[in-house]
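The structures come next, written out as structure tokens.
In the two complexes that follow, subunit A is the common piece, with subunit B as its partner first and subunit C second.
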Partner chain A sequence: MAAYIVRRVLLMITLLFILSITVFVLFNLLPGDPARLTCGKSCTPIVIEQNRHRLGYDLPIQEQYFKFVGGIFFGRVFSPESPKPIICEAPCLGYSFNRHEEVLSLIMRSAPVTFWLAIGAFIIWITVGVSLGIYAALRRGRWPDRLVMGISLIGYSLPSFFVGLLLMFFVVIQWQWLPYPSYVSPFEDPFAFLQTMILPWIVLAILYAAFYMRLTRNQVLEVFNDDFVRTARAKGLPERTVVVKHALRAGLTPIVTAAGLDLAGLLGGAIISENIFSLPGLGALAVDSITNSDLPLITGITLLTAALIIFANLIVDLLYAVIDPRVRLV
Partner chain B sequence: MAKSQTWLFRALALSVTAMLIAACGGATVTPAPASGGPQATGGPKATDAPTGPKPGGTIYVLTQSEQWNQVDPQRNYTGEDLAFFGGTLMRALTAYKFSADAAEGTSLVPDMATDLGTATNGGKTWSFTLRDGVTWQDGSDVTCADIKYGVSRTFATSVINQGPTYAVVYLDIPTEADGSSAYKGPYAVGTPAAVVGQDLYDKAVTCDGKTISFNLSKPIADFNYTVTLGFGAVRESDDTGETYGTIAPFLVSNGPYKIDSYTTGNGGKMILVRNENWKASSDGYRKAYPDKWEVHFGIDPKVEDQRIMQSAGNDAFAVQYGQIQPENLAVIFDDPDHTKAEFGARAISGFDPYSRYYWIDNNKVPNVKIRQAMAVALDRAAIRKNIGGEFAGAYADGLVKPNIGGDYKATEFWTSFFGQPVPDSGDPVLAKKLITDSGVAAPTLVFNFADTPTNQKTAAIVIDSLGKAGITVTPAPLEPGKYYSIVFNPETSGDFGTAGWGADWPNASTVLPPLLTQAGGWDLSQLDDPAVNAAVDAALTELDRTKQMGLWQAINKKSAEEVNTIPTFFGLSQTIAGTKVGPLYRWAAYGSWPYGEMYVTE
Partner chain C sequence: MRQPDSLRQTETPAQEPYVTVTNLVVKFPSEDGVVHAVEGVDLSVTRGKTLAVVGESGSGKSVTALAIMGLINRKSATVTGEVWVDGEELIGMSEAGVRKLRGSKMAMIFQDPMSSLHPFYRIGAQLGEAARVHRNISKAAARAEAIEMLNRVGIPAPKRRVDDYPHQLSGGMRQRVMIAMALINSPALLIADEPTTALDVTVQAQILDLIAKLQAEFNTAVILITHDLGIVADVADEVRVMYAGRVVEAAPTERLYATPEMPYTLGLLASIPRMDRRTDRLDPIKGNPPSPLKHPSGCVFHPRCKYTDRVPDGACMTVRPDLLPSESDHFVRCHIPAPERREIATEALAALTAVPLGVAGATE
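And now, the complex of A and B:
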């Protein structure tokens, strides 16, 4: 197991390394001139070149990359001509001249918002999705099954921007049941936190729960037909034991896989929900960075998101062994 | 089986109940937040109208922007930002009068200075004397040295960028061989003074007690307008260079408010509170009615519209920074001149700062009759419909826009120049006649445009409408991000293309020289006509403002008749405010709300 984890971590570092190079190359292939974007209306070629130099975009791409990597380990100094140069301590993921803040600091400020958004939605959709999926499977072909599958179909068909705007217009603006979302930490004001997050959670959960209802129902039904479940029932085990200890455990593996990856994807930012509900999360930050061709920020967020997904893959693989004893990690 | 399923019901019921408690509980118990969200008591009827100025309260500014473009006197450059900061935090030597009338709203009044400045040396030296009692937020006086230092920052182009550079262009400081100023700004620490050029700057900008003088390289008749843009004061001891104004320690105010907090991104806010050291006696300009300003960033534009349309709770005290979304225009307006009764005067459609036009390379299309034929043939009605219809803009008759004030006078190009009106949908018959009169064959022209879906449709209209007059147009779309870098170079540009321009201050000196002379910097039409250059120079140096207006009007009319460019639309934008805030009008100086005199009514 230990050797497996070490190998996976090494692979993760390699993947991040390759990804960081890819992001740098892709950004340089994008249309537009980031130096021109930092320059106002009365921009002259001289000023554009000065800005290009200041931002380091005049350096060969490999040198830009090495400076970026060097910053992670040794820190960097930006705008040395300024009366107060910007000192970015290691680990320095860069400095956003658009937001006037270190990339790591921006990410660290946004990440908790996205974390709570993802975790809250995850708990709701897993609870509702898996519960209703199992419930439908246990009543296969009967009206509760059809009802759950109908709900699932509707939930799956509703785009999150539509549900989000609908809830915002009615619940917040029209009926004023909830105040306009304004993110606060759950440790600072738990009640205001709940008031702000409940609608984004619901929006995200509706979409994902619909998928998990179907996935869970299908998995459970498939496992119900397996020999070991029939054997368990034949042995006279209580139905609850058959479902929980045998059928569910075996059927959970693909659900855990999907859940792990979905959660990791969400931790990289839920762009639509964050924007509709004005949540300062990673998704909104990513959109802003792309709009402004903010290379350091794009690179930082991309690497973080990739790291999360790779890490989630590792956790999912490890969980396999816990859930299903037949799986051996080597 | 039935018993075994009970636990499932319990789990399901528990999770659903938890959600309901969270959702419903907040609505019934929680008081309204101190700032931001709607209050439980509900809002006023949408038809409630502001009743008059009233000190106190909070005005909310809602914007989809993630942050201010700049919070720095030397980098602040967009109209709405200039209007907001000018009204709250940053004083200038002169300012624009608050008025709903375009001519009055673009006229100057003294701000930090005692008057509108004195021009001597034939308009090459301008002096302003600071009035008494102008202070920073810590109570210390704003001095001549503070203004001189602030202006000097503009020269540090490697640190202070994105802002206006009129100080660099106008002050009497020599340039290097590469065109950059010999003065490198205040940050070149450790560099010999001769290289930095500090002595050159000290000669160009001098302080004599409370009087600051600017020595210019050529006469500038409207330099007292120039000083509204990028000539603000910054105290050297406060200056943090690159980050000044954007992060803590925040910008040091000399206006009636100061920054209490500033966070960017979705959910970010800038909160301004009263500056207790600001003296109303030193400021006859700002009204400073509200106790507090809250700017809320990162609001979804659809949500922003709905909140202000609904105008409930604190949103009744909100103004929109930005534009009403296209899908809501028909809900709020009957047409750009008339709002629906339920929104009354709180929705406004007015000119934005921009004029849209098609540049024509006058060297590649030298025949004036051909250029006139292009203008006459163009189906401007179809193009306007394509870009958003009557809400997008009014038909332009020249480069100078009506909201610039006295420099605008109708050119009558479309109405009477040809002895007959030119329909908005174009007149191919008249265009063909002009081509015949030109004595040359109908040309084949290359049309440049930024490659977007809307522009692609516009290009199709251009090709079709000019084609009806016998002019063959070849489309040459360009990557949007590289458009201007390509069309500025006559070797890589086509024959004509799309462009837009906004005046930097309400004087045609920031429109016609840039667009019609090589020295101006935005001469996409590659015009270098000695007669135009001379006329522009004469207008620039004319110290009598009334005479200067006449000169600009004449140049604008002549340019329209010569079709150096094809003016297309004077841009419009629509915006809305809550029911308990006023006064609500589009301030022509910046195409913005008149922030410096705004108030809440309850």
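And now, the complex of A and C:
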């Protein structure tokens, strides 16, 4: 087990290195001159060249990469020759010259927003999706099943920008049931936090819950045909025990995998929902960094999101070994 | 371990059947039409005896077993007829009532012990659960019983094995665990649905021996569902041959093997590969079992029967034969007159055994 985790972590680090190289090379191949973005209207060729040199963009790409990696482990100093050098301490994911802030602190400021958004939506969609999915499976072929599957289909077909705008328009603007969303930390003002988050949670949860209803229903129906469920009945167990202890225990296990990965994906930022509800999360930050060609920021966010997914993969695999005794981690 | 309930034995004298099934009919509605899985099956078993139900896949033998256990979903199928177990009728009983009998008075083991055991629970827990659902005993007592039962079915080191998961056991061991689980409440009826089909040949005999040994200990009535006439000869007291949801021949085992009268039974016997005789090839029954959606007219076996020309007026194609007595305890569903059937059987069996190994080798 321990050896397995060590190996997986090593693999994780290798993957992140490969990924960082890929991201670095790809973004350097993109058109657009990062040095140009540092000075805005006051740009003259001389200033651009000076900035290019100060920021290290005149170095060969492999040297830029080594500086970047070195920054993560040891920190680095930008424009050391200038009177006001920028000291970026380890772990330094880079410095956004567009926003004049360290990439890491930008991410750390946005991450909690996305975290709360993802966690809240996750709780709603798992509760609603899995329970309705089980319910539909237990009533297979009858009207509750059809109703749930209909809801699922509708939820799945509705694009989240549409639902988001619709909710925004009616609930906030037309009926004014909720104030215009403006993010507040739950520790500062829990009530205002809930008022802001409830709509984005719903929008995200609709999409995912629709998928989980279908997934859960199919899983449960499949497991009902399994021989061990028949054995449980042959033992004379009450139907409730057969369903909960025998069928669901086995049927819901694969959902853990899906849920873990979906949550990790969402923690990397929910681009559409964050933008509609003006939540300053990672998704909004990512979109912003791309429109501004903010190369250091894009690299940072991409790496962070990838790390999250890889990490979630490891957690899910470990969790699976706990749930299913047949899985042995070697 | 509880001893077989002596009180119950006096309630059901040895000569009276513990299980009696009368005119069992099972139909599944489907999108393509009604699936006629079982069409009027009668059978009965006494405690201590073994009844073998033999047939090809789709003959309705497993569905019959599941119907006796009350394991056919009443919402997705219609089950009619009567199933009497220990003096109680099950078809008309509430689902809760049947559930209380399952695992206590009647138990079942299945074909594939790997998939029949829950992969996530230790075998001790699965055995203990079977005991605790019917008897008010502590977890510790259930565990002790589980260990005792594992010991009785021949699991080595049962105190250690009780904490194993099913995947840690071999196929034969798993089936032993299934048997232990089925018998933990000393049921008087054990239904074994192809209990050895998924196992290695070397293990098959062990499992059959084990069932026979425990059957003697517990004085259990056993219904053995199988397609393998080879194992039937060794273990069964009586045989029911099923075809297309019907019993086509019923007889004590020895009699059935000596004088099979239904051409289908004859065909099954001829399909068994044997080392002690040399024929150029096996003589399989031609064609396929009929679709349960639409059974053939007349005798359900007529499309595959070699002897339909022996019956005048093509009655095989038009008239459904009844299961009629040939001898006192031998019943056959066939239009061919009994003396002629016996002639056919004698000839066919003689042909099968006529060529001993050495001679056949010499003529080649």
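We adopt the following convention: the second predicted complex is superposed on the first by the 320 of 330 C-alpha atoms of A that agree within 3 Å, B and C clash if a C-alpha of one lies under 4 Å from a C-alpha of the other, contacts with A are read in each partner's own complex, and residues count from 1 in each chain.
Quick note on the criterion: a residue touches a chain if its C-beta (ideal position, glycine included) is under 8 Å from a C-beta of that chain, and two chains touch if they have at least 3 such contacts.
Since the structure is predicted, the reported quantities are computational estimates derived from the model, not experimental observations.
In the superposition on chain A, A:Pro91 makes contact with neither subunit B nor subunit C.
In the superposed model, B is the one of subunit B and subunit C that contacts more residues of subunit A. After overlaying the two complexes on the shared chain, residue contacts for A:Glu274 are found with subunit B alone; subunit C is out of touch. Applying the stated contact rule after C-alpha superposition, one finds that A:Leu285 touches subunit B and leaves subunit C untouched.
Once chain A of one complex is fitted onto chain A of the other, the partner contacts of A:Gly75 are absent, as it touches neither subunit B nor subunit C. By the document's definition of touching, both partners, subunit B and subunit C, reach A:Pro238.
Residues 238-239 of subunit A touch subunit B in one complex and subunit C in the other. Residues 31-33, 36, 38-42, 44, 46-47, 50-51, 53-54, 78-79, 81-84, 86, 97, 99-101, 109-110, 124, 127-128, 131-132, 134-135, 138, 165, 168-169, 172-174, 176-183, 191-192, 194-195, 198-199, 202, 238-240, 243, 274-276, 278-281, 284-285, 288 of subunit A are the ones that touch subunit B when the two sit in their complex.
Within the complex formed with subunit A, the residues of subunit B that make contact are 1, 3-5, 7-9, 11-12, 15-16, 19, 22-27, 30, 32-33, 36-40, 42, 66-67, 75, 77, 156-159, 161-166, 169, 178-180, 186-189, 239-243, 246-247, 264-268, 296, 298-300, 302-303, 306-307, 310, 312-313, 479-482, 485, 502, 504, 521. Of all residues in subunit C, only 69, 71, 99-104, 107-108, 110, 112, 115-120, 129-130, 133-134, 165, 167, 178, 181-182 touch subunit A in the complex they form. Residue ranges of subunit A in contact with subunit C, taken from their complex: 226-228, 230-239, 241, 246, 249-250, 253, 323-326.
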